[in-house]
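Look for subunit A in each of the two complexes below; its partner is subunit B in the first and subunit C in the second.
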Partner chain A sequence: MSYKFPSKEWIESYKDTLNSEKGKPWQEAAKTWEGDFLFVIEPDERLEKGHTFYIDLWHGECRKVDSFEEGEKVPESEFEYKGTYSNWLKVISGELDPIKGILTRKFTLKGSKAKVMRATKAAKELVNSAQNVDTEFF
Partner chain B sequence: MWYFRSPKNIVFGEDAISYLEDLEGKSVLLVTDSILMNLEIPQIVIKLLQKNNMNVTIFDEVNSEPTINMAEKGAKIASENEIDWIVAVGGGSVIDCAKSIWILYENPEMRIDEVFPEDPLPLRNKARLIAIPTTSGTGSDANWAVVITDTQTGQKLSIGHKNLIPDISIVDPQFTLNLPKHVTASTGIDVLAHSIEAYTIQWRNDFSNPFALQAIKTVFKYLPKAVEEGQNLKYREEMHNAATMAGIAIGNSQIGGAHALAHSAGAVLNINHGNIIAVVLPYMMRFCVEEEEVARLYSEIAYHIHLSFSTPKEGALKLIDKTEELIRNLGLKMKLSDFGVTKKQLEENMEKMCDFAINDTGSLVNPRDFTEDDIKKLYNEMF
Partner chain C sequence: MVPISGYRGKILRINLTEKEVKTEPLDEENARKFVGGSGLGAYYYYKFMEQKVVEALSPENILIFFTGPLTGLPTACSGRFSICSRSPLTGIWGEANSGGKFGPELKFAGYDGIIVEGKSESPVYIYINDEKIEIRNANDYWGMGVFESQEKILQSLGDETFKIACIGPAGENLVKFASIMNDGARAAGRTGLGAVMGSKMLKAIVVKGSNKHFSLPEEFKEVSQEAQDTIMKDFSTELSHDLGTAGYVDLAVDMFGDLPIRNWSQGTYENAFNISGATMSETILVGRKACYRCPIACSREVEIPKGKYKLPKTKGPEYETIGAFGTNLLIDNLEALAYANYMANSYGIDTISSGATIGVFLDLVSMNAIPKEDLLDNLDYSFGNPETLIELLRIISYREGIGNLLAEGSKKLAEHYDQLDVSPQIAGLEVPYHDPRAFSGMAVQYLTSPRGACHANGDAYLVLQGLIFPELGIDDIPNRFENKGIAKQMANIQSYRQLYNAMTICQFYNPPAKLVAKLLGIAMGEEIVLEELILLGERIFALKRLINLKFGWKTEWEKIPQVMLQKLEGPTEGNIPDYEIQLKEWYTYRNYDRNTGEPKIDELKRLELLDF
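Take a look at the complex of A and B:
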């Protein structure tokens, strides 16, 4: 079954993926990770309205996810990874490395850099895990 | 989209240091270590700077791999003396420490571990940086990377920012003439590790590849000669240039798994970088060669160093054998136990080493992805 990106069903499936066998690279790297993320998908010519996912992570487990449409109130979160819809598609299809995304300014990362720099692989695998979701694009 | 970055000026070859004769400025912080001071190597630089009426303050406390505490101390001294040039004279530790001092001197409110690529990092408002490497290894004189130890956790942090590339790199072989054989050998293998990783990493690219390849060819040809005949300026120059070229190569691609495992084991088991990388490199190469694409790339390297083979896999394996042979012939240690590490010590530290290694920036784009089990297996093999 494939899920539309972005949608509530998609982020639920992403959560299942993180917690499954497929999520093992992330689970191993994020063993001591404590901190929640927002994935912000900015609108562009291919997506009319922005979308935000909330992802709560704790010691290699994804405990909770949530999905917000543009205009809805989004919870506070420790980290935010933000890029346009087109760039998110590139990450999900494996075309763009999520770290290269930051280095080429296609994505921005907000939050404690000191914490991320001690968990670079965990951060990368977190975003890369989106590749494991069976995604249907708008 | 990607970038190619290097120092604005790389002055290399015999007498490159004379470049300093025309340097303008008022106050220099010279960062070095006390061993070099005793060998009177930084004094060559100090004399040239003082001839230009520059005030020189010496910070010679980089006697181990750099720590955040060390950088804080250096930055304080820089502030007290209102310096406008930081001149690093030393190996990778000294240059990385100088970069860290620079960050804190220009941004007293900042924490080093907050440096993040593409975030603002104001530099050059107070001072500029000159790197004068005295070992042929690190390549830090030519790139944006800093490896620094967090004294609180013992983790080696790799940070990087494009603004951290030194303004000027002076690659003068005279500074390496008296390096002891084992230092020449271990730092030379670090050059090989940088260039082999840069050439095979997922971020390899058309601009970094030629630098990597040239450095690899030079190491195989000249490292044994430079170790054997240390006073030969030609051999020293070849290796010195190769180190900077390999530094450019990794600076524009990335380090890989050999460095991830070496940073981690080096920090936890207290083994210096050149020595530990010589242990890790062949094991990581044997791990990576299982990927068909890596075998192909290794065979390209094998071709360039004139090994004969009939299939890419054969060429790749010959390259690994050749690398091992080089390390062995240079007299470097090839097992963790050679450093006095015991099985018990390895087992006690295994979890910490795996944790550090997996989240090292060298693990991000290794040509073959690895799991914690793979890392454990590799460390056990290295024992």
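Take a look at the complex of A and C:
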């Protein structure tokens, strides 16, 4: 079954993937990680309204996810990774490396650089895991 | 004549043999062609070579200090200057540049550059205080370390606002990779120009200037602000500010395999975490320091209050030093690395070349390639021992025992034991800590760089991570292991960095190129259009190639040493760069002759270099 990106169903499926056998590489790389993210998807010519995912990651487990439409109040989080819908598609499809996305100014990252630098493997596997979600794009 | 706005229009020519100081007008026509910094330095050196080609440590050789039109101007990251000469390490073109405040101060004193000629019979230093210029006795300071020298000289002047560039014992002892240190621990480290300074018995140059005014239109301020605003939003700027250049260590090791490990022969190193910029920020970091007008402040201030590696507040190790002394030698003790960095700075020795040379040495010992009688009895020659590193740095700097051979650099060392392939060097210069197996395009950068293997003459590793300038033809290369079809990007980033080293501004400062063109145009007193940025860099690059050909540089030297061509496990994914393909395409793109290395006649004509 495929899920529209972005949607509540998609992020729930992503959570299941991370916590499943398919998520093992991420679980291994993120076994010391403690911190939650906001994934902010900005609208562009392919997406009319923005969307935000909340994702709580703890010691190789995805503990909680949530999904917010544009205008809804989002929770506080330790990190925020933000980019346009088109660039999110590139990241999810593996066409764009998440770190390269930041360096090329396609994405912005807020939060402790020290913590993120120590978790580059986990970040990469986190994004790689998204490729295991059967995704339907707008 | 009214000076062009960013230039002072004067240079100093100081002959140490004759004890003579002359002021001469800047060659403005050629300043427009070669800009400043190592570009204009190359022009002045080329003119010198038209009369004679001399050995690097000959009294007849000249040592050039040059600012660029942006040095000292009220714009971000304008604190850099270049030092140029023939390299005693490589025998070819030598240049190094440094930040801090020395370069701007030279401008404030009224000079674009200094050309030092001849050799003093006894140690001296050069005193510059606006128009008052003297060659002074430096007997009392000869033999002192860099920090002590700077402190004592400034104390003797009774004015600590002077800026200073000096050498340490390594330069005095003609260690072939001795650096010139300024403003504390800022280093013009590469190619051994500290030995050229030492060969002239020149301990230091002190400078103080009173004129900070430049005739600049209001637009300069506006464009500077726009450029700075752009860059301050950048992730790499934030990373450099928060964690210093060593902030890249984790990424380099875990994501890319960019940081060489155990003399370039190991693919992964879990302990890199212990010595990264992130760890530094949580342990020994006590502050940050910025060069002149730098909003990034990548320099670290560290302090170790007690213990074996006790240190006063001093400059912390940068990425390259973490690579040289850390991953390369398998040392994962950050305090020990900070201490070794401090000692290397005090001796005045390049950390990149010294770390590489020590790595080769330990590798040769591990291969039983060095007879026991050549070794000191009391040292552990296995990788991973900080005490060995610290002692080897000392004996290199004072040329004691086997240190005398190591002081010649890794190429001579490996050749001496008939193991040249163990040395990570190209054209005699030790390769900095960016692995072409992680970013294939670094191969052609290293092979064709004007000063031997160098990351500051073409930082392709950043281009391949996404630092692109499409408006300059430096556009995205999606695959970091690509060898084919990358010549345009590789040549253009080389040319752009030639210009950076000529302007001279810091390579960590990368606003949109159109803003750089505007700032440079104002500083040079003429409009610079975007396309000219690369053209200026191409001209400077070609001039340095002509200089190297006169020095005897050969295309046969364009080979990656075997030690760097081993397949590794880990993030490099077994990649080996195909540098023959890269070179072939690069020569075609550059319009240079593949066999002789010379720019073709029509290229020289295009670059207005037919007279050279």
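The definition used in the following text is that the second predicted complex is superposed on the first by the 138 of 138 C-alpha atoms of A that agree within 3 Å, B and C clash if a C-alpha of one lies under 4 Å from a C-alpha of the other, contacts with A are read in each partner's own complex, and residues count from 1 in each chain.
Going forward, contacts are C-beta pairs under 8 Å (C-beta built on N, C-alpha and C of every residue); 3 or more make two chains touch, one makes a residue touch a chain.
Note that this is a predicted model, so its numbers are computed, not measured.
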item: Room on subunit A for both subunit B and subunit C (clash or fit); value: clash
item: Partner chain(s) touched by A:Arg105 [first = subunit B, second = subunit C, both, neither]; value: both
item: First, second, both or neither for A:Thr32, with subunit B first and subunit C second; value: first
item: Partner chain(s) touched by A:Lys113 [first = subunit B, second = subunit C, both, neither]; value: both
item: Partner chain in contact with A:Lys24 - subunit B first, subunit C second, else both or neither; value: first
item: Broader residue contact with subunit A after superposition on the shared chain, subunit B or subunit C; value: B
item: Touching partner for A:Met1 - first (subunit B), second (subunit C), both, neither; value: neither
item: Superposed model, subunit C segment overlapping subunit B, candidates 99-107, 135-143, 513-521 or 603-611; value: 99-107
item: Residues of subunit A at both interfaces, subunit B in one complex, subunit C in the other; value: 99-100, 102-105, 108-109, 113-114, 117-118, 120-121, 124
item: Residues of subunit C defined as touching subunit A within the complex; value: 233-236, 238-239, 242-243, 247-251, 254-255, 273, 276-278, 281-282, 462, 465-468, 476, 478
item: Complex contact set, residues of subunit A against subunit C; value: 95, 99-105, 108-109, 113-115, 117-118, 120-121, 124
item: Complex interface listing, subunit B residues touching subunit A; value: 1-2, 111, 113-119, 153, 155, 157-159, 202-203, 355, 358-361, 363-365, 369, 371-372
item: Subunit A residues within the subunit B interface of the complex; value: 24-25, 28-29, 31-32, 97, 99-100, 102-105, 108-109, 112-114, 116-122, 124
